[in-house]
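To keep things simple, chains are lettered A, B and C as they appear, and every chain counts its residues starting from 1.
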């Protein structure tokens, strides 16, 4: 896994010196009168695991969509590796090295797990109509190489037993992991993970935690992660951001954020942060 | 321990040991399937010498229809873009052939690629609206292109003084004169198989995956780095170029090019083929093309068996159309996934035999 | 379980097959008494939703059939009934997991869809709003613009208007914030108390489900592997480890998870 992702960012522990891989500066966006985000800013450091929490409809997914280019922001700027990516087309942003998983997986239902993962490597493939149509020589060799990489990722995420299954026939929990595999296949520098643990049972969540921690430790990929399971996100993330009604209300270490009275009132409720035993 | 002999088992033909082997087309990858392929080939070679010339003619038309169905299926079934202009692209190919052979006397090996290029250009134009339009709206815009092409062709046909159709001479490929149903049987079926191979190859490599991704979830496809606009246009170009070359072959085969043949009804019958056969499947296109092409002839043969009254005979074409409509509706109602799904189910039945259902699998982790 | 006299729903040896080929659930039997909250917990693909859809008659649209077993409500078999008849004649109402509201209608219109009461319609809807005050505030906005929690409320409200006796709820807490989950469960308890409903709850969130249920079952691989009162289930070692995240006395931390393969006891 780690072998196919290039080393980067010096790897020092002193976060203050590192320049952020992603900067979101005062991003605002409105959808037909509804102000979805107002002046949200945050940074993501290389190799950091940043969690985003917030009530339903707070604009968490919209933040990711803005970074991805699905919804270009109305105002503000988004810098990736020091370069503005605001207004770039989705596929160009993806090619820069930003991967994404979706809340409802958004997989290609009629393709197999393997095809989904290989598709994640789309930006690295050079096959065109001719070499693909002949499927002999370069086209086939490239396909085999892509397959090898895809197998590595499927092995890492323990998906090998499903490789030839149609994604639409798989259980929801497995589909989520396939979504992560597809994002990883593009060897991104930054992965945007949208509610990966939603709808998973405890054991599957443990798997998710294991995978994300391994990505975090082994390939030093930065991860921005939206999640509702408080135990999961507070135990794993380096830093948390809480959004509410399109505004950032708190940023800091998980302990700081979940102790904040405003966060408790708008999001956590009185019961949940006292985790039952 | 040293006496212990390690048995060398021969490699099982069902076991694949490299990813290279696993990229092979699935239809012919086990010994049983290879045997089927050989028997099928033998049958295919013998067929035109055994069957009557009428049946060979139906087979030839099926091959042509199969190419058209495959090209339309690539667009609708695999990329999820609706085109109602494929009869137009086919007509464009046929008229390119007519113009180039009748006016310039060019040989077939130039004319067919040239038709392909004309089709590709038209496909490029037809594909441009797909940036913005989806579904039925895109279909309407391609229908407009169909009518423009048809208008151009009819102008050429009437003002060129060709009357009811442009008559072509039998082309020759080197020393071989392409005339007679048996020769054309091989030409057309080899073209159909080559098209099938090309499409199957495209579908298992990068472009095909991108197309399927656009069909299933376009936003997710874009976020994975696929330039949606480019691949949509590409699908249009490939599809219309293929059907244009098919139109060219059809013109050569029937030796007459007339604008009436390339009506909207032709597009509808191609649509029927891919719905009956199975969307997004190469095999489905073949099966659908065979069924829809053979259906009217089968009806004629059936009608010959029973003694029909004069009134029925007089309106026989209406009955044919009615049966055609019934078949499509029955498939939509009973088996929306088409003949391919029936085929899959039959295979499944034999794989699971003597059990009817797959048992629950307990996953121990 | 309580005595047979007030048995509402009886499911015996249910077996469902998808696409004529694959078995989804097998030998599923359970009873629900009147006024009871019954929870089914289990992982993804365990067959929980299939069970719900079998009871509410939606299997046909999923290309699945009941191949064995029987579903009875008040001793009347409903295996063959269509979904609309099940809702109308037997008072079983499903709150589905997705596509639960009509996104292009407003909240008010959404609520008006199931009401066929005529004159009293307005009153009844007003009654629903008393349980969901936040819906009342947004009654003019399109349902497609609601947040996840509000959609869930609207779906429950719609279900309530079908005058249910048994409410089937699929994944109530899915994708909702903790505070919202808490609020929804409170509302549910209140509704149950006021209307005397029975509720069949299908949940991933084992902790929440077990805290409000009166009887619960664990489903895995298409079978019910364990059933009992929540107290009994919560005391079970495997439920603790695989669903609640407690090993022995301690709470497991996600940071410490390692890959392990320990088979559950119920598979032997």
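The rule we apply is simple: contacts are C-beta pairs under 8 Å (C-beta built on N, C-alpha and C of every residue); 3 or more make two chains touch, one makes a residue touch a chain.
Here the structure is a predicted model, which is why all the values come from computation and not from measurement.
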| item | value |
| --- | --- |
| Chain contact topology (line, ring, star, complete or other) | complete |
| Chain nearest the overall C-alpha centroid of the shown protein atoms | A |
| Of B-C and A-B, pair with higher C-beta contact tally | A-B |
| Subunit A and subunit C, separation of their C-alpha mean positions in angstrom | 30 |
| Centroid spacing, where centroids are CA-atom means, of subunit A and subunit B in whole angstrom | 40 |
| Interchain centroid distance [CA atoms averaged], subunit B/subunit C, Å | 47 |
| For subunit C, residues that touch 2 or more chains besides their own | none |
| Residues of subunit A whose C-beta touches two or more other chains | 203 |
| Multi-chain contact residues (two or more partners), subunit B | 365 |
| Subunit A-facing residues of subunit C, complex | 41-45, 145-150, 171, 174-180, 182-183, 204, 206-207, 242-246, 251-255, 257-259 |
| Residues of subunit B that touch subunit A when the two form their complex | 18-20, 22-23, 198, 201-202, 204-210, 212-213, 215-217, 219-228, 234, 238, 280, 365 |
| Contact footprint of subunit B on subunit A as seen in their complex | 68, 70, 89-91, 94-95, 100, 102, 106-111, 115, 118-120, 122-123, 125, 127-129, 131-135, 139-140, 143-144, 147-148, 151, 182, 186, 203 |
| Contact footprint of subunit B on subunit C as seen in their complex | 17, 20-23, 26, 67, 221-223, 261, 263, 267 |
| Sites on subunit B touched by subunit C in the complex | 345, 348, 352, 357-365 |
